[in-house]
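Next come two complexes, and both contain chain A; in the first it sits with chain B, in the second with chain C.
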Partner chain A sequence: MKAKGLYFSSYVLWLLLFVLAPVALILYQSFIGINGNFTINNYESFFKISSYLRMTFNSVFYAGLITLITLLLSYPTAYFLTKTKYKQLWLMLIILPTWINILLKAYAFIGIFSQAGPVNNSLEWLGLGSHQLLFTNASFMLVAAYIELPFMILPIFNAVDELDESLINVSRDLGANRFQTFWNVIFPLTLNGIKSGVQVVFIPSLSLFMLTRLIGGNKVITLGTAIEENFLVTQDWGMGSTIGVILIATMILIMFLTGEKKRRRRQ
Partner chain B sequence: MNTAKRHYGRNLYLIIAFLVLYLPIFYLIFYSFNSSGGMNHFTHFTWVYYQEIWADQRLILITVQTFFLAFLSSLLATIIGTSGALGIYSIKNPQVRTLILGLNNILLVSPDVIIGSSFLIFFTVLGINLGFTSVLLSHIAFSIPIVVLMVLPKLQEMNPSFINVAQDLGANQWQILKGVILPIITPGMIAGYFMAFTYSLDDFAVTFFVTGNGFETLSVEIYSRARQGISLEINALSALMFLFSLILVIGYYFISKDSPKDKRKDQKVQQNLIR
Partner chain C sequence: MFFGIILICLALFIVSFELEKDSGSGKSNQVVNIFNWGDYIDPKLITKFEKQTGYKVSYETFDSNEAMYTKIKQGGTAYDIAVPSDYTIKKMINNHLLLPIDHRKLKGLSNIDSKFLNLSFDPGNQYSLPYFWGTLGIIYNDKYVKASEVKHWNDLWSSKFKNSIMLIDGAREIMGLTLNSQGKSVNDTNSKDLQAAYEKLKKLSPNVKAILADEIKVYMAQDEAPVAVSYSGEAMEMMDNNKNLRYTIPEEGSNIWFDNMVIPKTAKNIKGAYAFLNFMLKPENAAQNAEYVAYATPNKAAKKMLPKSMQSDKVMYPTNKTIAHLEVYDALSQKNLSKYNDLFLQFKMH
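Entry: the complex of A and B
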């Protein structure tokens, strides 16, 4: 038992120093004003100044749209993948792009969406003319959705893969058509996969500050961008921490909304 | 007829999905051979940007630093994470266990920006200089939970009577650990090490927050170059990094293939994992 205590201590030290202490510090820092005094001014200005609230709303709204786009694209992909031969190999190929640095993927889109890039070339070829694609909200959302795609496919794939095939057959035998079978059988049974997918896509989408800088052209301000700006540009750590606490609260809320899975299982 | 048609549609959808996933990456690599210097209008094939990387001493230094950091941080994270998993395994009280596992997962679900900013406050309060030390500590810190999640299932699959037998045969704690437990959990530790390694290589946001002026990783360097616009040296670099990821994935695939029984569980972990 003593020996166990010995090797466990490094882990406990990590828990204290790098998990609990930083959370406590960001909470504490959020009450520090710009002059170093203890105050609730940061929270006051956050809730009073409309631009902060609008930014938060926008951030959540865009993250929601990104999540929706990825979900709509991922569900059929994941579903069809489970029906293929060598599905584990295909799944590996879906995961592979996540091992490529996110900045390189963002950088690729700087070229793809540029004035003379392939997207504009195709638009021109179709007779739609070239457009300013880079530094728009749409390009930000598309690139974010592209990056998050594998993270959504994986949990849905696992949920569909665990689905008992005979339930689908029973539903068809009982006279349900394909849509009814999907809506009443397949969808509810894979809901847990969707929920964990939403979780792993929505939360990071709130904080993709490098994308807003490189692709969004600073027009889309997300919670993450605001935190980065307060910490590293204007050096107002108090306000940055306050927004951080708001982001943590949003995150907890989302996990709460999508986290019924575990509780239901335990019962 | 009908099913054949359906298969056709399904395959078409999947082909498009894979194209969407891979075209941007191949686009990037394709233009790294373009002599005209931009990411459109391919003129001639050239190796010039690869030669430029080779001649760019600063970039090579940053690459070496990045890999050294990934190597060291994942090694230390594997050691601490494995001892954490052993500790959690030995906790009998289910509530305490759930609590510690919950705390373990905080860093896995937190957005990078939160990890980065709170670590920045932490290092400043402690008076630790921003640079290699702070980046190394951060990378160790955010890699530990994934190692725990990779090792713990291996421990739970282990037959507890192995330990009882070893005890009956007179083995002490250290001998049990070395002779019985470690061989069983080694695949989990290797998987954890791999994951930690890629986490470290991939990380941008946390490093960006806690690095000072003295230390840079590839991600930070790519970010600052990309903000200035297109330079095909980055394309060439991304081609090399893609090759490297491919090798890592193939290596990881063969390691995880060794234990086909655990495929389901590995996938469960992977779900938590990929972030």
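Entry: the complex of A and C
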């Protein structure tokens, strides 16, 4: 009993120091004006300046697209992976790229997509001519999706892998065709894997900022860029924190939305 | 698995401890902490300094004035030497973050070209000594662009450069060049002028291929774009990697910047700091550094020791006539700084 209390208190302490305190600090900072006074000006200007609202839209929109792309690629991949012979080996190969630093991967893509890079070389060889690949929305989303892919595959793989094979056999025995089996049996049972995959991909994608510059050439401006600029360049920590608070609020909203459906389904 | 990680950590710790023990010489407790830009000193000079003075150098780098400023202002650091740029020096002086430099303790201050002393951001060089200087200009690839096509800032707005210009990601730089193109100062803080500059900048959007930082160097060398706006030192590096690149400073005006050595208030080893200042003032050391880093040295005695081709290089050492048109960035008030950055952010969104 005593040991349990100790564990519990250290957990609470951790939460207080490293989760709640930073969030409280950000919340406090967000009410500090440029002259160090206490004000709600930061929030006012966030909702009044159209560029901030556009940035918010951009962030949510691109994060949504990235999540959708990874989901469409990951589900079939994870599904067929569970059917292969050496599934643990294949899974490891898919996870392997996450061992490499994200910046290195971004720099690798700079080489791959450049005017004289391998992609353009092959296009030219095929007679399709060279194209501007870098600094386009498409290349930005492709690289972001590539980086997030393993985080989507893993939870879905686990969900599919845990699926009881006999349930599928039952479904087929009772006359359901392949599609019906998938839609009514496999999909609902793996939904939790999809949900955690979506959360794990969508939330970090909201605040991507390195890639928007390196691959997107600052043509896509998200809230992450605005936070970086306010903290490092303008040094208006109040405004930076305000954007941070709004980003956190958006994330909580997303968690809430994906969580609620889960409960409803269980009832 | 977990046990393995602990073993690896332990092994790395022991090895690094041993290495540190070996490299410490006689006065190993006397460390000089230097905070400088990335890739901004010849590493051989650090070894030479350590050997000559017996001090041990702990060298750390930063990638923006603002990041460095924040780190020193927050305290908890003990840098004996830092190398901020002009407007940041002014800001640091105003916020009492620097120690005055006692000129009596310096040897070889006369080696510095008087052009680079007593500048507006630090009158009388009470707090700082010149380290390197440079300019902002246009880099172009002569395979695709003629010199006559990029003589003025206004040429960037030309329709023939559609989707082909790379800009440095800095509000001061880009807003500044737009103000220059309208015949205004890079330090203009008049709201109307800034708004007009923003309206003009919006029209540049179709020509902008990307807004980047250091990556411009790689991209320009790879022929990714025919035109870019960046600093002279960056240009030198690009030109080393791609023979077709050229650098030019628009004659109507641009920015000239200075990176100076300062002693932050939090310094612990003041004697070591002066030793380093005097070491870098020596012409042979300044020349070696300028040759390695490829930025312009303010040390006139050192400039004479550089290879002839470097001395006569117009990229690094523009003529006095050009320099007369260049302006140093003033330190802006927080309000005006926000104005510049907000407009620049809106331009990026456009």
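Of note:
To be clear about the criterion, the second predicted complex is superposed on the first by the 242 of 267 C-alpha atoms of A that agree within 3 Å, B and C clash if a C-alpha of one lies under 4 Å from a C-alpha of the other, contacts with A are read in each partner's own complex, and residues count from 1 in each chain.
Heads up, the rule we're going with is that a contact is a pair of C-beta atoms (placed from the backbone, for glycine too) under 8 Å apart; a residue touches a chain by one contact, two chains touch by 3 or more.
Since we're looking at a predicted model, the values are computed, not measured.
In the superposition on chain A, contact is made by A:Val23 with chain B only, not with chain C.
Once the two complexes are overlaid on the shared chain, A:Gly217 sits against chain C while remaining clear of chain B. Using the contact criterion defined above for the overlaid structures, shared-chain residue A:Ala116 touches chain B and also reaches chain C.
Contacts of A:Asn169 after superposition: neither chain B nor chain C is touched. When both complexes are overlaid on chain A, the residue A:Asn35 reaches chain C alone and has no touch with chain B. Residue contacts after overlaying the shared chain place A:Arg54 against chain C, while chain B stays out of touching range.
After overlaying the two complexes on the shared chain, residue contacts for A:Asn177 are found with neither chain B nor chain C. For chain A, the partner that touches more of its residues is B, with chain B and chain C as the two candidates.
Contacts of A:Asp236 after superposition: chain C is touched, whereas chain B is not reached. Shared interface residues of chain A, touching chain B in one complex and chain C in the other, are 110, 114, 116, 213-214, 232. Against chain A, in their complex, chain C makes its touches with residues 64, 66-67, 69-70, 163, 166, 169-171, 209-213, 215, 218-219, 222-224, 334-335, 337-338, 341-342, 345-346, 348-349. Interface residues of chain A facing chain C in the complex, by the touch rule stated above, are 34-35, 49, 51, 54-55, 110, 114-116, 132, 134-135, 213-214, 217-219, 221, 225-226, 229-230, 232-236, 239. Within the complex formed with chain B, the residues of chain A that make contact are 3-4, 7-8, 10-12, 14-15, 17-23, 25-26, 29, 73, 76-77, 80-81, 83-84, 88, 90, 92-112, 114, 116-118, 121, 146, 149-151, 154-155, 158, 196, 199-200, 203-204, 206-207, 209-210, 213-214, 223-224, 227-228, 231-232, 237, 240-241, 244, 247-248, 251, 255.
Residues 10-11, 13-14, 17-18, 20-22, 24-25, 27-28, 31, 38-41, 79-81, 83-84, 86-87, 90, 100, 103-104, 106-107, 109-115, 117-122, 125, 137, 140-141, 144, 148, 173-174, 177, 198, 201-202, 204-205, 208-209, 218-219, 222-223, 226-227, 229-230, 234, 238, 241-242, 245-246, 248-249, 253, 263, 267-268, 270-271, 274-275 of chain B are the ones touching chain A in the complex.
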